[in-house]
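Order of writing sets the labels: A, B, C and D. Residues in every chain begin at 1.
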Amino acid sequence: MHELEALDRVLPFAVLLLPLCGFVVLSLFGEWIKKDKEDAGAGYMACGTVLVSFGLAAWTTARLYGLVGGAEGLRFSQPYLGFEWIEAGGFRVPLSLLVDPLSAVMMLVVTGIGSLIHVYSLGYMAGDDDRPRFFSYLNLFTFFMLLLVLGGSLPLLFVGWEGVGLCSYLLIGFWYKKDSASAAGLKAFVVNRIGDAGLILGMIFIYHAFGSLDLVDIADNAGALAPEKLWEIGPVSVACLLLFLGATGKSAQIPLHVWLPDAMEGPTPVSALIHAATMVTAGVYMVARLAPLYHQSATAMLVVAVTGTVTALMAGTIAIVQNDIKRVLAYSTVSQLGFMFLAAGVGAFGVAIFHLYTHAFFKALLFLGSGSVIHAMSGEQDMGKMGGLRKRIPWTFWTFLAGTAAISGIPFFAGFYSKDEILLGALTTGHTVLFGIALFTALLTAAYMARLLFLTFFGAFRGGHDLEHHVHESPWSMIGPLVLLAVGSTVSGYALFPGLGEAGARVRLPEVVQPVFRLPAEAVHHVAWLPAAATLAAIAGGLIAWYLYLSMPELRASARAALRPALRIFEAKYYFDTVYDAFVRRVVVEGSDALLWRRVDAGVIDGAVNRAGTVASALAQALRPVQTGFVRHYALLVLAGAVALVSYLLWS
Amino acid sequence: MDAILFYVSAAVAVASAVVVIAQKSPITSAFALIVTLCSLSVIFGLLGSPFIAVLQVIVYAGAIMVLFLFVLMLLNVKREEDAPGRGGRTLRGVALALVTLFVLQAGAVLVGAPAGSAPRFDASTRRMAEILFSPHFLYVFEATSVLILAALVGAVVLAKKEL
Amino acid sequence: MSPSPVVQQLVIAAVKIGVVVGVLLGLFSVMTWIERRALAFMQYRLGPNRTGPLGILQPIADGIKLFFKEEVMPAAANKWAFLAAPVVAVSTALLAVAVLPYGPPFTLPRLDSLPSGLKWLWPEWLRGRTGQIQIAHVDVGLLFIFAIAALGVYGIVLAGWSANNKYALLGGLRSSAQMFSYELALGLSFVGVIMLAGSFQIADIVDAQAGWFWRWNAFVQLPAFLVYFVAATAEVARIPFDLPEGESEIVAGFHTEYSSMRFALLQMAEYINMITVAVLATNLFLGGWHSGIPGLPSQGLPGFVWWGGKVSALLFVFIWLRGTLPRFRYDQLMHIGWKVLIPVAAVWILITATEVAIAGR
Amino acid sequence: MDHPAFVQHAVLLSLVLFGLGTLGVFLRRNVITVLMCVELMLNGVNLAFVAFSRAAGTLDGQVLVFFVMVVAAAEAAVGLAIVIALNRHRDTLDVDAFRLMKG
């Protein structure tokens, strides 16, 4: 038993550090491993580290629930590496990790989905010359993401947070020779910085309030704070809102959502791993992790819920009019993240994590499926040139269908359950307006996903003869993960897990993570008509798409004409980019040019430096004769100074 | 007995110090300086610091002055030429005036100060070591070892014809 | 009525000085004879054997000869320095001798059976007095010797420089460089011994080696002992380190221009230094007056025997070396000093310090 | 050794030695002699330290002397190395011969 306990202190670190080892080895010896173009050594290495990491994570989770090595299990553990990372005065940050049900779920999602995507990348990136670099970034990302979800204190979480941002930047701009890719990477980086500023400020506020940044300390002590009513802006609200600003940046919520669609410039596995399944959900994770704190601030909760709902709706409407297959998925990701924040905002943190978890499966599946489509189409991403691929790439089609069903909320698929819970949460907490919008967004979701499906896989091929000739099914390394993810997208909604309650009781995911949030248990009132309503919405959305794109395409023009003003706004993405661009161009660039550069930099700073130089030079010219070169003259001056000093000290 | 030794040593020290600065032959100056150093060592001993007294002989007389003599012999230094440098006289005059001023000032203060009886104290080598290796001085002590190393390397680099 | 304590101290000190200096001077002359005879035997010669039985009176004959020889002073010499050099050499040699203990502490006999008429010869205050043949008791004992050894070089440097002779100057230069280099190794070799004994007092260091002979520092501190022995040989400029006076290269080195009594003085300083070095080695490394076997007595007269035997053996080793080894080249000399002895001694200090720290002594 | 005047007179002696050393720096033109005069000044200071240490009854002054000696040794080593280098370039040891640093 003793050995097991010792192992429990070490294993979480092993989970964390294995991908880092992979990164180090690949970045140092990558070029050496990659002997020729076909050689996949680097990929195997990367997959190996993440797979082993997943295995260890599974073991750790099993230990957490007492499934192996003792009935008691750990329940809750805080492995501590034995030394401080920062220790300055009263401020100390130990290198400790936190393993509890929430981080266990996140750890499994990250390593599980992560290893599937690693395997998928073996096939997808087979032709690329820079595979060692790609896989090393992917490994580094896995490390930072694990640090984010396992870190035992906010600073460690922040390191992971920044690290995944860095990897996101590196991977979006992976094809750095493409201007749009570099630009997109930069945009992601810059937009995220705005959110990160909020995160840092929030951390400072939290430290001020608690005197500690340890996550367990915060959770333990948050209940003691006075709850703040709606529109009461106390320190807790300020901290929560600032942290939420960070979350909007990382999780692409309005107003900082603009980077995510552009991030689709990166390789598709990257989009699947980082910009759908894991990194963008970091904001949700953080809010859920600090649930005890958010619970104390009604204002922050409302802001989170409203932001999530509005984002979900806007992204859903934009997704309707996109023609790039990956952009549709990107906006759908933004929309689904909005759903998660809605859940968090109405107090159903467990449901938010539940949706995060199902979403990770089906969104990874959809992205990888789209990657498979793009692979089949030799890199073409425009849905206008696809069509009728159903027969040509059947594996991709069927798995993609499962994913679409899951995201649309068709019963018995994963998304149905989690979305239903979100709607239920919004309804039972009295957020009727938000519930309405969310239900409508669910309909939209089904509509744009059905549109995507119909445009891609049904109808006639529109891409021309040459392209049609090349369409081919993807290799097994890509199909395998798709199948596994399809299974996951189907069953993850009603999969049961051992709970923390009485031994042997199996519960669904929300109840699994519920103890982490330290919230009073509330009886869930099931609303009998809600599943039916949600199903109806999903089917309605699908039917609309079916009518417009398959059954009666001629209706499309008239519908388009009728909705022209709205569609124009959708196509312009609500003018966010335009406004930001104008602001940046007008205020930042021109302001910098006219004021900061010409006046402040050239005038004041350079002027001061130049003037200092001139003054020093003139003074030196004047003082030159003092330097006679005779050592003894200098010595005499020193002596005179000493005598003067002594005289002053003695006689003053 | 101690008093005789003290004043004799002091007289020898001053006399040989005068020789140091008055002699034109550097080697004579060096030998005179050695005498000064040794008589100072006696005075250190009389002031109750046997460790410093021995150290004075080992380090100053035994090491530093040997180095001086070695260089003097190596370069075969002759007597200083008589030709005074530019402004030599003024310089010397001013320096003499300043030094006199300095010594007189400080001396006046010292003579005016009351001579209290010195407290007994334990200046054994063990006590010295305890202070030298106490946390208060330990880092300084280690820093001096780095200084010595730097001086060693510097001296070799400077004096070597080619590395 | 006994004299005041100050007078008692003075009398005892004077007696001790007389004994030590007398013995040293005697030993010096005997040493010259033994050295010549032993060397001769090693080279299948007879050596001086005409003056007295076995030639034992040869040193006296040499002394008389040197005493009556003409004193030559080079015309271009720096007169004062030329005269002072041998004096400096001998005084420093004798000063070092002053703090060495010669043999174990002992108690003067009471001699109560002395006829009352002769009582004044053996006054009351001397009877049963306990002491040691050691002229001056200094708190920093070993350091003092080290300091004096550092001054010893001046006699040679002064002699070499003042003669205004290029061979003498070269000898002086070599000597200063050599002593400078080996002084470091010599000092470092003491450190381990001092750490083990926890004292600078030579008597304390000797007593720290009581018991079986394998507790002598020569065995416990073997590397330090080897470093000490080599460095000490170099310090006293004996073969194979006699470069300051290497006759085949620079005539006779620093004493090229010396003759008569001054030459004898320089020679004497050299031998006294040699004896000092041997005494020091005996005291620091070879257990001093301890027999090395717990059953055998070490105090009183037997102690003197043990002690004298060890010193004599060491002195013979020096002569033996002279008969055996060739002289080092100058660069070899510097190499051994700086690149072998000092690193070895430094590493050994580290090892000893670790040992002391662990043992918590 | 407990003569009360010793300390005071020792400080006076240190003053005199320091003054003589300072004068020597200005009087002598040979670089090596100048360096020796600096050593003389340092010794004057050391004597003052020891005397004050005696007067105060603490050992801190002696510890300072220890450090002064270390620094003096380093100074002598580097200084003489510079002298050798200078002598190699200019074949003189006159301090006034080295004035390339003039403004």
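Here, a contact is a pair of C-beta atoms (placed from the backbone, for glycine too) under 8 Å apart; a residue touches a chain by one contact, two chains touch by 3 or more.
Keep in mind the model is a prediction, meaning the values are calculated, not measured.
J.: According to the touch definition, list the chains common to the neighbour sets of chain B and chain C.
T.: In this structure, no chain contacts chain C and also chain B.
J.: Return the distance between the CA-based centres of chain A and chain B, expressed in whole Å.
T.: Chain centroid spacing, chain A to chain B, equals 71 Å.
J.: How far is the middle of chain A from the middle of chain D, if each middle is the mean of its Cα atoms, in Å?
T.: The computed centroid separation for chain A versus chain D comes out at 69 Å.
J.: Using CA atom averages as chain centres, what separation in Å is found between chain C and chain D?
T.: 33
J.: Between chain A and chain C, what's the gap in Å when you average each chain's C-alpha atoms?
T.: 83
J.: Give the residues of chain C touching no fewer than two other chains, as numbers and ranges.
T.: Within chain C, no residue touches at least two other chains.
J.: By the touch rule stated above, which residues of chain B touch at least two different other chains?
T.: 51, 55, 63, 67, 74, 85-86, 91, 95, 99, 102, 106
J.: Among all residues of chain A, which ones touch two or more of the remaining chains?
T.: 630, 632, 636, 639, in rising order.
J.: Considering every pair of chains, which are in touch?
T.: A-B, A-D, B-C, B-D
J.: Mind pulling up the chain D residues that touch chain B in the complex?
T.: Spelled out, the residues of chain D in touch with chain B are 1-13, 15-30, 32-33, 35-37, 39-40, 43, 46-47, 50-51, 53-60, 62-63, 65-67, 69-78, 80-85, 87-88, 93-94, 96.
J.: For chain B, which residues count as touching chain C in their complex?
T.: Per the stated touch rule, the residues are 27, 31, 34, 38, 41, 50-51, 54-55, 57-58, 61-63, 66-67, 69-70, 73-74, 124-125.
J.: Which of the residues in chain A end up touching chain D in this complex?
T.: Residue list for chain A touching chain D: 623-632, 635-636, 639.
J.: Enumerate the contact residues on chain C facing chain B in the complex.
T.: By the definition above, chain C touches chain B via 81, 138-140, 143-144, 146-151, 153-154, 157-158, 160-161, 169, 172-173, 176-177, 179-180, 183, 187, 200.
J.: Enumerate the contact residues on chain B facing chain D in the complex.
T.: Touch list, chain B to chain D: 2-3, 6-7, 10, 13-14, 17-18, 20-22, 26, 29-30, 33, 36-37, 40, 43-44, 46-49, 51-52, 55-56, 59-60, 63-64, 67-68, 71-72, 74-75, 77, 80-81, 85-86, 88, 91-92, 95-96, 99-100, 102-103, 106-107, 110-111, 113, 115-121, 123, 127-128, 131-132, 137, 140, 144, 147-148, 150-152, 154-159, 161.
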